[in-house]
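Got some structures for you, see below.
Next come two complexes, and both contain chain A; in the first it sits with chain B, in the second with chain C.
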Partner chain A sequence: MNRNLLCIEDLENNPSSRVPVCLVLDTSGSMEGDPINELNEGVRLFYDAVRSDETALYAAEISVVTFGGFASRQADFSTLEHQPEAPQFYANGGTPMGEAMNMALDMLEKRKNEYKVSGVDYYQPWIVLMTDGMPNGSQAELSRSIQRTCDMINERKLTIFPIGIGEDADMDVLARFSPKRSPLKLQGLNFKEFFAWLSKSVSKVSQSTPGDKVQLDADGIKGWAEL
Partner chain B sequence: MNWVTIQCAVQGRGHLSSGTPCQDKTFSIVKEACSACALADGAGSASLSHYGAEAVTQAICNYMAENFDLIINEEGAAVKRSILAFIADRLETLCNEKECAIKDLASTLLFVAEKGGKFIICHIGDGVIGYVKEGKVLVASHPENGEFANTTVFTTSSNAIASMRLIKGNLNQISGFILMSDGTETSFYNKRNKALSPSLAHLTRLASVCNPDYMSQKLNRTFEDLVKQQTSDDCSIVLMSRSPGSRGYMDFSEKDKCEFLGLANTRASRKRLRSFDSALMALQSWGTYRAIKHRLHLRGKKLDRILKRLDNANILETREDGRYKSALRAFFV
Partner chain C sequence: MKVTLNKTSQSIAPDRNLPVTLIAKPGHTLHMQNGQSVILGTMLGQGGEGSVFKTNTPYVAKIYKPEKTTSHRMTKIQALLDKGLDFPGICVPKAILYNSKKEFVGYLMQKAEGEKVRSLYMKPLFMKKFPSWKKRDLVELCITILKKIGYLHKNGIILGDINPDNIVIKTPKDVFFVDCDSYQVDGIPCPVGTIPFTPPELQNKNYNSILRTVGNENFAVAVLLFSLMVTGQMPYNQKNGESAQQNIINMDFSYPLGEASNKKTPAGQWRFLWSHLPRFIKEAFYNTFNKGGTYSTESTRLNSYDWFKKFSEYLRLLDSGKYGEQDKMSEQVYPTRFKKQKGVTYVKCPQCGEETDESIISKYGICMECLRKNRLSRHQRPPIPQHKPGYQGTFGRPARTRTSQNPLVTALKIIDWFI
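Entry: the complex of A and B
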């Protein structure tokens, strides 16, 4: 007997809503040694965690920009279904943070336009900014990127997670990128724990519906309670 | 004019795993010669939004039925204000009962009311309102989301009046209305083309002629098996269909009968319709295969083909004891 009134072919096949996440990572010379190794391991675990979560796998679109000597796009926005392997980072050069942030914001604008044209729904984008030092690229680029980031945050168009690594991280400049919540100082080189939290949070957001206030588990990541 | 309303709301997979009740609510009423139906999707994080959604759907249907004649002749902005004020009043009363804040009762709201050949449509928030005209499924009101997927406007939002849509008109060739929540949108609304699935025409037509209990049960099963598997959100729908006439299916034109049964609209098919009409007459009450065969004087193979086609058209009920019955509303010729 015909069990249902319709069959699966009668339904529309809309793409899942996306959560764009951009990792903007310091790979300058000062990250040489344990920090860059731990960062590589942390990002690899992040990719593994997202891949193993069915919802996050089809929802999270991850891009990676590094700043070590120059700003470099390591991975453009894509789900891990299409881009499964985490990039490998090497420490080298100075800290052009402003250039990297501007590159990330440009990529984000381009991706949002692509979503709109293709009829893909998306959630508020996230940028994770990690550094162990102070920016030494163009001052004008830095100021411009801070202004752009703050404007988007104030208009509720972006969430940023600024993370300082080690004692020499310039927490003041990180704070200038984040008008609504204080930057976090990573305890030791605990990248793994942070990226595990990040993948869980992406999964949570990708399942949220209108009116949901996504409560992020703030234990250990003080000051970040809700999006 | 006779309208039939079939509705269903199923708890989403996300809410099932978190123990959150189904926040989608639907309601319909026929009162004062007015048919009205409504659907509301409770806000995700509002703890009591399922109560708010339930209250506003019931209240607005009654309000529309009691005030249709006044509202249809009033100026649009005034109607919007009076509808929002009425909803706010109802939610305020509920706040006192539940001892909660008004935002805890937030929901979207979609409704349609019909009376005397005229209709009124209203939409706050996401979800879609569609209608069927001359067999085509069209969008009356698109979803109102913000930039992001998890944002929309609610009955309690301060900007509700700015984004609220209010439409009125003459029914003319409109044969059905469809209300759906954003969970259901995933399966029936093409986000790229901003168009509704043609399969909704089939559902509204079925709703117009099938036994309501059968149709509700089948619609619910279809939503459990298929529609809710496409999303983690709750899914709901209201189908409000114009009945073709007092004899339901028997009042369809030959062309419509062919389409309904999945037959090509040819002379040969139209000739075959007589066999189907006779079979549907015989199937107005439960009967065994043997009794139906005997009554219709048919060979087994021919009866098998007829039963298979009726089953494919979703208008045949089968019981475990091997009895058959038409799923159409009773008609007597």
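Entry: the complex of A and C
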């Protein structure tokens, strides 16, 4: 079936409040080898975990944007009922982080509008931003994406989880995307632990009511973050 | 029924933690005030406040996290015990549980079994869990729930936090109320609640500091019934609308009665579910949820007994076959078109095969629903790029000014992830 109809029909058939989550992932050349393998494995586990939770399966809408050479939409917002397979990533090229964040924000605006038009409620969206390096795309795009992200966070329309991988991750630029909380550094290559935590958090939110305050598992962070 | 006005809860002694130095674990023996004891078995489930365990009796034990055993909690459980409540399926505390050091750790209650109401809210999950259900089963479920709520109200108890996770369904007749330790009893407030089930007069109030009235709760009862009848929808979800909370405050109800409509009914089959309800049920919802409606205020809302009578009548009509006479599809949970009207000719749509009112067949010879879907499918989403240079859409262009739109939902406030 035509994808557009499917995405809108899904909103009509399943009025559960949605938890939109966008993974914005660095797949630049420096991720080659273990990092990209662990990232692939982590995202696959994330998909498995969300799929196996009955509430999250029908509530969480996952999308994925990568930046490795260019910004690329790997998966658009949809529940995993309709998009069960995790995308596979290859490490290649530069680090156009701003372009990727703008792409993610555009996709989010579009999906939020579809929720609104269909009358489906949604939770505050999440963006997970992961990088092992320094952005080297257009400077203008980077500034614009930082501005957009901060505006949304300050208006409480977005939650961001900025995460650095390895010694060369530019923690300062991650901090510029995140006015409310400092970025964290991944412990080694603990992608699996991070994505397990993320899926638990998604499950928890999807069992709450939009507008509610949800307490995420703070202890769980210790399993993947350098604190 | 006499309705008292909201008053703030009288000042009681400040809450304090009752320390637990021995954490209850499977295998431990726990004691009750009357000298009896139980042995904890395996864990059944975990929540925000604690966990629920099997015991060596037919009952289960809720064991609080050590930081959640407070004086207020114990007072409330004692107050609920003092009421001597006894109704099948209402899992209220049956006894306070203490560890071997005589520290308060939790309480004993009836065991609940089945699926949470939340699983009915998702069509694919509903069809998986209860594949044989017809409309009558949902109506019977409403009746079962209303009897329980009526019993609690009669005993001076307000549930407070009615929501889809606190009701567990085994069959339409076999239903459990869980999380009963938060009920409002004897002037002790229910400290929790959710936006969709909170009446307009209590929106934006602090649940901790108000006492709810039966009139307040009758709103939540109506929302629950609506969400079971228009299965999975909330009365104030609407397309192109304000936030659900703002719609509640404005009492801007999204479903039509006759010609009266705000034209914001959510897209999809929900209009069909609404259309197949009997007129007297639609009238009751409409007058409850619409500003100025006959039952729209705290003191005029229908109570659980009023609803009980209406749903019993609906069940009688369904079970006698009478209700299906006009349109057999009314007996199904998810009808796929509007209810048939008397004196109208119906023809089969060549595209979807559904019967549709002859006079509203589009000029293309197909039904309106097919026309709408065909139109939707023409608005293509761009295909997902594989390995070609992707995103140049907004490259280098100045930031667009965004029309500030009302988010459907107020912000979900989450953690500071460093706590």
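Methods note: the second predicted complex is superposed on the first by the 204 of 227 C-alpha atoms of A that agree within 3 Å, B and C clash if a C-alpha of one lies under 4 Å from a C-alpha of the other, contacts with A are read in each partner's own complex, and residues count from 1 in each chain.
Methods note: a contact is a pair of C-beta atoms (placed from the backbone, for glycine too) under 8 Å apart; a residue touches a chain by one contact, two chains touch by 3 or more.
Being a predicted model, the structure only gives us computed values, none of them experimental.
**Student:** Thinking of the overlay built on chain A, is A:Ser138 touched by chain B (first), by chain C (second), by both, or by neither?
**Tutor:** second
**Student:** Looking at the overlay, does A:Gly33 come into contact with chain B only (first), chain C only (second), both, or neither?
**Tutor:** Touch status of A:Gly33: no partner.
**Student:** Quick check on the superposed pair: does A:Asp121 touch chain B, chain C, both, or neither? Answer first, second, both or neither.
**Tutor:** Both partners, chain B and chain C.
**Student:** Give one of first, second, both or neither to describe whether A:Met103 is in contact with chain B, with chain C, with both, or with none.
**Tutor:** second
**Student:** Mind working out whether A:Glu81 is in touch with chain B, chain C, both or neither, as first, second, both or neither?
**Tutor:** second
**Student:** Which partner, chain B or chain C, touches the larger number of chain A residues?
**Tutor:** Of chain B and chain C, C contacts more residues of chain A.
**Student:** Which residues form the common part of the chain A surface touched by chain B and by chain C?
**Tutor:** In chain A, positions 2-5, 7-8, 11-12, 14-15, 17, 55, 118-124, 157, 205, 207-214 sit in both the chain B and chain C interfaces.
**Student:** If we count contacts the way the header does, which residues on chain C are in touch with chain A in the complex?
**Tutor:** By the definition above, chain C touches chain A via 48, 118-119, 121-125, 163, 165, 194-196, 232-234, 237-241, 244-245, 254, 264-270, 373, 376-377, 379-381, 383-385, 387, 389-391, 393-396, 399, 402, 405, 407-419.
**Student:** Using the touch rule from the top, collect the residues of chain A that touch chain B in their complex.
**Tutor:** 1-8, 10-12, 14-15, 17, 55, 118-124, 157, 205, 207-214
**Student:** Hey, which residues of chain A end up touching chain C in the complex?
**Tutor:** 2-5, 7-9, 11-17, 54-55, 58-59, 69-76, 81, 99-100, 102-103, 106, 109, 112, 115-124, 138, 140-141, 144, 147-148, 155-157, 159, 161, 180-182, 184, 205, 207-216, 218, 221
**Student:** What residues of chain B sit close enough to touch chain A in their complex?
**Tutor:** Residues of chain B touching chain A: 14, 41-46, 49, 106, 108, 125-126, 145, 147-152, 154, 182-183, 186-194, 197, 199, 202-203, 206, 218-219, 221-222, 225-227, 230, 232-233, 311-312, 314, 316, 318.
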